[in-house]
Every structure is written in structure tokens, then in C-alpha cells.
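Both complexes below contain chain A, partnered by chain B and then by chain C.
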Partner chain A sequence: MIKLKQTKGFWFSILFAFVLFTIVQIVIANAVINFYFVNMILTMGIYIILAVSLHLIIGITGQFSIGHAGFLAVGAYTSAVFTMKLGQPLWIGLIAGGLAAAIAGMLIGIPSLRLKGDYLAIATLGFGEIVRITFFNIDYIGGPSGMMVSQLTTWPWVFGCMLLTILVIRNFTNSTHGRACISVREDEIAADAMGINTTYYKVVAFLIGSFFAGVGGALWAHNFYIIQPSQFGFLKSFDILIFVVLGGLGSMSGAVIAAILLTLVSMLLTEYPETRMIIYSLILIFTMLYRPRGLLGTKEVTSLFTNRRNKKGGPKDGNTHTVA
Partner chain B sequence: METHTPLLKVEQVGIRFGGLKAVANVNMKLYPGELVGLIGPNGAGKTTFFNMLTGVYVPTDGSIFFKGENLRKQPPYKITKKGISRTFQNIRLFEELSVIDNVKVAYHSLAKHTILSSILRLPNYFSGEKEMDERALEFLKLFNLDQYRDDKAKNLPYGQQRRLEIARALATNPELLLLDEPAAGMNPKETEQLMDLIAFIREKFNLTVLLIEHDMSLVMGVCERIYVLDHGQLIAHGTPEEIRNHPKVIEAYLGEEVS
Partner chain C sequence: MEIIQQLVNGISLGSIYALIALGYTMVYGIVKLINFAHGDVFMVGSFVGFYSITFLHLSFFPTLILSMVACALFGVLIERIAYKPLRNATRIAALITAIGVSLLIENGMIFFRGAQLEAYPNDILPTNKIDVLGVTVESKSLLILCVSVALMIILQFVVHKTKIGKAMRAVSHDAEAAKLMGINVDNTISATFAIGSSLAGAAGVIFGTYYYKIEPLMGVIPGLKAFVAAVLGGIGIIPGAMVGGLLLGVIESLVSAAGGSLWRDGVAFIILILILIFMPQGIFGKNKREKV
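The block that comes next holds the complex of A and B.
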């Protein structure tokens, strides 16, 4: 017999997702909120996709990649070419964008994942810049002035992709393959000694992460009428990185919450353009001061409900007395 | 000494880091079921030797045969799958993972469910994960660690962390277990428990064990044969009694006699 472990929580999540979707859909369809807020919600959804995809690479597998905007750009441009130049529908653009980004992820991942820590960060940063400059110089897609893209991204598309991203990455994480990735993050040498093919799992995490970044890029491209290489600079990579770090490295719900909160803060502050970046930065500084391990640490929101019953006796004080 | 074929045969193995000869010309034979000690002063190259056996370093000279198969240039994870497992001098647990998950990572190679079936939550994902969970729990019970199953590995007391690391290494189902200073930092009582544990796992899992140790009482008490390494060279090898009185060993540990 198959035992569904998270039955209750799972169905609750489905219900929650459905209710959330319906409410927002009704609100948008009845024009209760203006275009500006609709756009904010779509942006939020796209940022959640990007944050969760980077969470798999950095938070779960521990590979410090800061070239995520590169995958975003690959997804955005590929999908735009498919919809605008080749006249394909949006869903083909989404898949093509995801696949193109995944291929890019694999190409950059296989050689550079031998590098560790800072070196990997620099290599991925370089990759992001290479992508940007390459698009800058291709006339077919408009070069520096960019490419006009129709506004095709709608709430159902964003929500569907967001749900898919979260489900896939959650299911991956909660399996033996996810544990293999976490073991790479915790101690690569020990993971190797346990029979884990560490390179393989790093590439897999990169592949899945960059695929969803590409999907996010495709949605992005069809949300803002125009895409330009300058939108995908390294500052964009840092924006996504901040969601993951601020939410708590290793926590998916943390990344989601951080993406929502920071998008909200950033949007609300547009009314004060002269102080916007100062306040935004101050929020980041104070969050890291008071919650240095991120908003949720490594915990998930769901663990607040489920973990309580698992608690048993035994030492919980966390004293690791080193005798030596 | 047994006459049948050795489980592990090390021939003239050596490694250089640049100009530094860390280990040179080491020969060693381990027969199935033996418990062999490897001792030597600090910096003698013991851990480097372990790292060569497990594929972390590629030896620059010589060859290593496990069950008759040359291990040259095999990556660590493949060597583990062939049946050599190890613990580390400085404990290397997956600290943020729970105790049971640490063991489950070691079961990873046995998983029948693929990445795709995990993502799609196909029936074999549930059965595979459940089987792993049950096996890991059984395993923890064997080591009296089941009371800690949901605690993070980093929150275990030191002695239990050592115990978990040995349990995790055994979960990969090895034929040869390499223990790198398992008694480091332990008090005499814990060391005694460790000796019992080693005796227990040898019998239970039908293991061959190679042990690096500084604690002489432990080595002399449990090992059948001992190899002594000094400055990257094997200087002696024999029974504990022979090693205790070997002039070169005494010299390496206590310094040369003044004549």
C-alpha cells in the first residue's frame, strides 16, 4: 500500500492555492484594482519563480551562483523569438525558454561546478555578463535597443508556472535526490564518501534551477512589452539572490515570502523615488542584523505546524561538547 | 597469517605534492575479516594514505587493488559503491540534516526511484522512500541512536556523533571500513564503548577494518596486526607485541637513543 505522508497538508495546500488563485483572478477580471497593482502581482509571481529556482541551486545544493539573470535573459529572449519571430503561442515560448535556459545551465554548469565557493560565484557572474553582452550584439533580436514583445503574460499563466515550480522543486527536495543535494551542501567530501555522485547532483540542481529561471524569463519577457539586454545585468542577479538569502538559505517558503515582501516594499516605495533605494537597503541591513540566518532560517512555514508532534526527549540543548 | 587472497592489496603506493613526498613505497595487504591498525606520529601520512584508498587523492606512484580490481583514478563515490567506506578524523556529518537523514543519504545508491518519479510522486517514490525510512530506523536502533532520529546531527553529544558517523559509513554496506582516529577527543569510558562498538560491528557486518589511531591502548587492545608509518614510509609491521618492542617504532615515537 502506498502511504501518502503529507496527505492533510498537501490537500490543504491545494485548497489554499485554489482559493488564492480564484480570489486574485476575480479581483483582476472585475478590475477592482488598477493595472499598476495587477502588474505588481504578476511581477511578484515571476520573482517567486526566480527565487525558488535559485533556492534549489544555492539554498539546497549550496552552489553559490550569482549569474541567475543570465538564465532569465536566455529564457526571455528565446521565448520572445518563438512568439514574436516564429509566431508560436505563449506556451511554446515558455517551454522553449525553459529548455534553452536549462541547456545554458548545463553548458555553464559542467565546467564551472568543479569550482567552489567564491570561484564559482565569479564564474557564474562572468556567465551572466557574457549572456548580456552576447544579446547586446545580436541584431536579429534588436541588439542594445531590445525587442518589442506583446503582453501575453496573464495571472493564470504566472500562477500555473509558479505552482509548477514550487511543486517540482519541493518534490525534488523531499526525495533521496534532494537529500543527496543537501549532503553536497553540508559536506561535499563526506557526500562523496557516502557514494553520492556530487558532480551529477550539482549539474542536476543547476539544470532544474536554470530551467525554471528560463520559464520565469519567458513570463518576464511577455509582461513588460520590451526586453533589453540592460535589464539582465548583474544587479538583477543580486535582486534574486537577496530573496534567497533574506528568506533564509535552505528555506523555500522563506524565499517565497522574501520575494513577496521585497516586491511589495519596492513597489510601495516608488512614490518616494529619492529615498527609495535608501529605505530598501536599510530594510535589508536591519533584517540581516536581526535575523542573520534569514527570515525563516532553514525552516519551512509548514514545519511550524507539523514538527511539534515529532518532538521527543533526548538532548535538545544543542551543546556539542568537544572533549579534545 | 591467512593464505587466501587479500581483500585490499596496496603496492608501492606513494604521493607527491609538488616536491613534497607525503607518502612513498607503502605496501599493505588486508585479508577478509582482519582488524588492522595503522599508527604513526603526527604528520606521518596516515590520513593521506586513507585519502588515496578512498579516491580523494590519486596516488602518483604504485597501485591499489580492491578485491583484485585496480582502483586507479576511480572517483570516491565509485570506490564507496565498490565496498570501501570511511569515517573522518574531524567528524564530517551532514550537520543540518536529521540523524535519520544522515543514514538515508548513505542509502542513496540503493534508491530505485528516479528523479522524475520523485518529482511526479509516482507510486515507487512512496514505496522507495518508505523502505529507506524503515531500513534507516532499523539501522539506528542497532546503534542505539533511534532516540535521536529527528534531531539535527550537529546537536548530538560528541560521542554520539562519532557513533553516528560510524553507523552512516556502515549503511553504505562496505566490506572494508576505514576508521580515521575514531577515539580522537574521547574520554577513557567513551573509548571503551568504542572498542565494544568496533567488536560488535565486525561480527555483525562481517567486516574488514583498518584503523588509524593515536590511542595506543585501543590499537594494542583490538588490532591483530599493526602497520607503522613515519615520514610517509612504512617502518614496521607486525603483531602488537612485535610493534611494541620494535626499535624503529620506539625511535619514531620517542626519538633516537643517545649513544
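The block that comes next holds the complex of A and C.
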């Protein structure tokens, strides 16, 4: 009975996810909404995957990475090569994209995670650019003109990957390892002194984050018919970064909400790309000036409901980031 | 001779990088902020130069000075509005703001004048060819090199011989102690932004006269590369930025001469990652021990 009570939130969210999935699936299958909105929902799902994967790196582990588009590109191109050139089904493409991005994350992570703060940011930015220029120069995948990819991404795939990403990263955050990552974010030297292998946890966070970014990239590639190196410039990295920053550095539900909201905003403003970027940049500046912890800070949406009851003990400063 | 020709091109390009890198390095030295918007100040300087040449019909040197003044004001404006409120915030918050400011300037520019290219008129500077020991050098690139070197000498003079330079060195060494000694830290930081931005403005005009084509997103890549140059020379160290800029320009030209012109943009970032891993203090930097 106690066990059931403890896991009530979990089963409730599974039920909620299932209901959400079914409703959207019915809506899409019966063609209630047109193609434009279906595409919007798929894009939203992919952005949620990307936002949550970056949330693990920046929000939980505190490693400021602005080269996320690089992992996205690696995942997109690898999966496209598997499905288009080698004739494999989509799920192999997804796994291959994720693994390739994870390997890329490890390659960049092991050397550059000795760096801190802004130096790491610049190194990851440089990595993203190197990835883009490399794809630009490989003729096998179309070079600058890009690669045609057939549309295979469907709502069940996007939803499945999204749910998996959220579950894995939520459970990772709540595990011993996740707590170690949070301690690295709060104070790296203190964490080191407490016997936490900080480099190991930073690499692990990078690995998991880049794996899911690669999966997101694979879904991305199979949603837009064509992939080009120029799509994965640092503007894409900033697009993902703004979800995490606006949602609250350290809040997964914040990142998800920001991804949903900003995808809606950008869909409304597709015809005015400069206006969209001006709004994005103003959001970044004003969030930092007036609410530097983001919309939700390190809190989660669910803690608004649960915290009121089990208030005994625990920190009083609302430091509830492990309650997902 | 081909190699020497490329070397000359590389030094011209490198002097532009060096001018931009100086602004990065000065700002980083004093407020520990990577001013992402610096590349966009460079772009604004280039446009100010373009408009003053085409509409005001100024010649090269008045244009240069006008653009430097405009950029100095612009830099101070950015610092006062966006960075000053964040002086005690975390480094990451300041970095995100800098990214936001950079995006805002670029897209604001596109919003107000469109994304189309502009071309600098090609008769601003005489285009004689001069033979130096069998190498043909355009008089333009010599003049540009001279202007850059002159600006760097003036900068050295300002930093080492004037009162404001002394204040800047004091603040970058220890802002708290400088405040206790009666130095107005806020004004000193603004002066640093002004000097750095004016150098970026000069680089913008020089870039325009040398490469002709300018556009609102032109500042992004040179800005990042100038940052690489600053890191290469040791960030926060003024001679380091000059040497790093020239070195980066020469390396890039040699890479394109060796047939890798498509990889040219990648080289800078590969150098960056190698430098950060093996020699994070840069060429001129001293190895600082981290204290708990």
C-alpha cells in the first residue's frame, strides 16, 4: 500500500502520457487537423527531446554547452545514411544516430571537460562549427547542398522517443549518479572533496545528453525531407539553449514548457524570421536581467502539488529539484 | 613566391583579427566576460563606414575616425544597458546575456535594413601594385597593415602611459582593491568597452575596404575567430591578442594555399580546441594556480 502511494505520481504520469498520446493519435489519424499542425506537433516533440537532453548537461550538471546542434547534426546525418544509403528501417537509424552522437559527445567530452565555464562554452561552440564544416566537405552525404531524406517520422515514434528521454533523464537525475551531477553543478571543488569523480560524471552527463540529442536529430532528419549542414549552425544551438534558459536552469518541466511555448511562438512567426530572433534575443536578455533562474528556477511543475503535503524536514529554501 | 604572397594576405587578414581580438581580450581582462556582441560591433562599424563613404562622401581616414567614435558610443551603450546590471551575477548569466545582445544586434540590423549585401566602393584607397623583392604587394594592404600597427601602438601608449590606462590595469588586476584606492571602476569598465569597440569599428572599416562585401551577419565568424586569436595569445593580455591575431591570419592563409580552402573556417576552431586542451593559458599567459 505504501509502495503504491509512493509510486502514485509515476502511474499518474504514465496514465496522463497514455491519454495524451491517444488523443493526439486519434486527432492525427482522423485528419481533424491539417498537415501544418501535425508537423507542428512533431516539431514540438523533437524540440522537447532536445531541450530535455540539453537540460541534463546544463541544468543538472552545470556544464555550459552551446554546441548542441553539433550532436543534432551527427545524429541526423548518421541516421539518414543508415535509412537512405544502407536501406535500414527507421528504428536502426534512430539507435545509430543516438550512438554516433554519444560517441561524438564522448570524443569532445573527455578532453574538453577539463575546461570550465566560458572556456567549455567556447570549446563546445567550436566543436559544433567543426561538425558543420566537416559535413559541408563530405561529398558522400551531399556536401553543402545536403541530403534528401524520406519522411518516416510519425507521432508514435516521436512520442515514444520523447517519453523515453524524459523517463531516462528523470530517473537518472533522481539516482545516486544524478545527485552526484547536481553536486558538480553546485560546487565542483566541494564535490571533488567529497569523493565524487567529477570528470566521470561530467562525461556521463555529456554522453547521455548527446545520445538523446542524436535521437532527436534522427527524428528531425526524417521529418523535414532534406538535411543540410547550414541548418545545424550555432543559431540552432541557441534555439535549444533558450528553451533550457527560459524554462529554468535545472528544471526539466520548465524546459518542456519553454519548448512547447517557443515552438508555438516560432510557428506563428515563421514568415518573420527576424522578428522571431529579436523576440528570442530579448527573452534571453530579460530573463537574465530580471529572472536569472528562469521561469521555474530549479523547481518542477509537479512539486507545486506534492510539496504542500510532505513538508516535514528537508530544506526550507525550496530546493526541491530532485522531486520530478 | 606563392607562399610569400599568401603570407602577405595572411598578415593583412591577421591584422583585422588582431584589432577585433584586442577588444575581446581587454573586456575579458577587466570583467571576465566573453563579449559575444563584439563581432557585431565590428559589423556595425563596417556599416557606419559604408554609409559615411557613400552618403557623406568622406575619404578613408575621416571615415575611420567617425566609425571608431560611433562604435565607442555603441559599445558603452551595450555595456551600460545589458552588462552593468549583471556585474555581480554568475558568469553563465552574463554569457547568456552577451549571446542575447549579439542576436539582437544582428537581427535588429536585418529588421531595419534587410539582409542584402552592400559593396564598399573600390576607389577609397589607391590600388597600386608595389614590387617588394619579387613579391607583388598591393599598396592597399600595406596601408591597412600600417593603420593597424599604428592603432596598436596608440593602444599600448594609452594603456601604459595615461591615467585611464593605469586605472584599467589596476581594475583588471584587482577590482576590489582598485575601488578602495579611489578608482571609479564603472567608468573604467566603460572606457575599456569604448576603446575595445572603437578598435572593432576600425577593423570593420578596414575589412570593408579590403574585402568590399559587407552584410549584417558578417561579424559572427570574424568575431569567433578573433576570440580564438585572443585565446591563442593568452586571454587578457594585450600583446598576446596582437600576436594571436596575426598568427591565426597567417595559419588560415597557409591552409587555403595548401588547397584546403573549404576547411579554412574549421582550422581556427581546431586550433582553439587544441590550445584549450594543451595550453589553456595561451602563448603569453602565465600558468595560474587555482585556489580554493
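As a convention for this text, the second predicted complex is superposed on the first by the 283 of 324 C-alpha atoms of A that agree within 3 Å, B and C clash if a C-alpha of one lies under 4 Å from a C-alpha of the other, contacts with A are read in each partner's own complex, and residues count from 1 in each chain.
One rule holds in what follows: a residue touches a chain if its C-beta (ideal position, glycine included) is under 8 Å from a C-beta of that chain, and two chains touch if they have at least 3 such contacts.
Because the structure is predicted, anything quoted here is derived from the model rather than measured.
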Which superposed partner A:Phe238 touches (first chain B, second chain C, both, neither): second
Which superposed partner A:Ile189 touches (first chain B, second chain C, both, neither): both
Contacts of A:Gly117 with chain B and chain C, given as first, second, both or neither: second
Contacts of A:Met267 with chain B and chain C, given as first, second, both or neither: neither
Partner chain in contact with A:Ile92 - chain B first, chain C second, else both or neither: neither
Contacts of A:Ile130 with chain B and chain C, given as first, second, both or neither: second
Which superposed partner A:Val38 touches (first chain B, second chain C, both, neither): neither
Which of chain B and chain C A:Val27 touches, first, second, both or neither: neither
Chain B and chain C contact sites that coincide on chain A, given as residue numbers: 189
In the complex with chain A, residue positions of chain B that touch it: 54, 56, 75-77, 80-81, 85-86, 88, 92-97, 101, 104-109, 111, 113, 115, 118-121, 123, 125-130, 132, 147-148, 150-151, 154-158, 161, 168-169, 172, 184-187, 190
Chain B-facing residues of chain A, complex: 2-5, 168, 171-172, 174-180, 182-183, 186-187, 189-198, 204, 250, 298, 310-324
Touch list for chain A against partner chain C, complex: 64, 66, 111-112, 114-115, 117-119, 121-123, 125-127, 129-130, 133-134, 136-137, 189, 238, 241, 245, 249, 274-275, 277-278, 280-285, 287-289, 292
Chain A-touching residues of chain C, taken from the complex the two chains share: 34, 82, 85-86, 89-97, 99-104, 106-108, 110-111, 224, 227-228, 231, 262-263, 265-266, 268-270, 272-273, 276-277, 280, 292
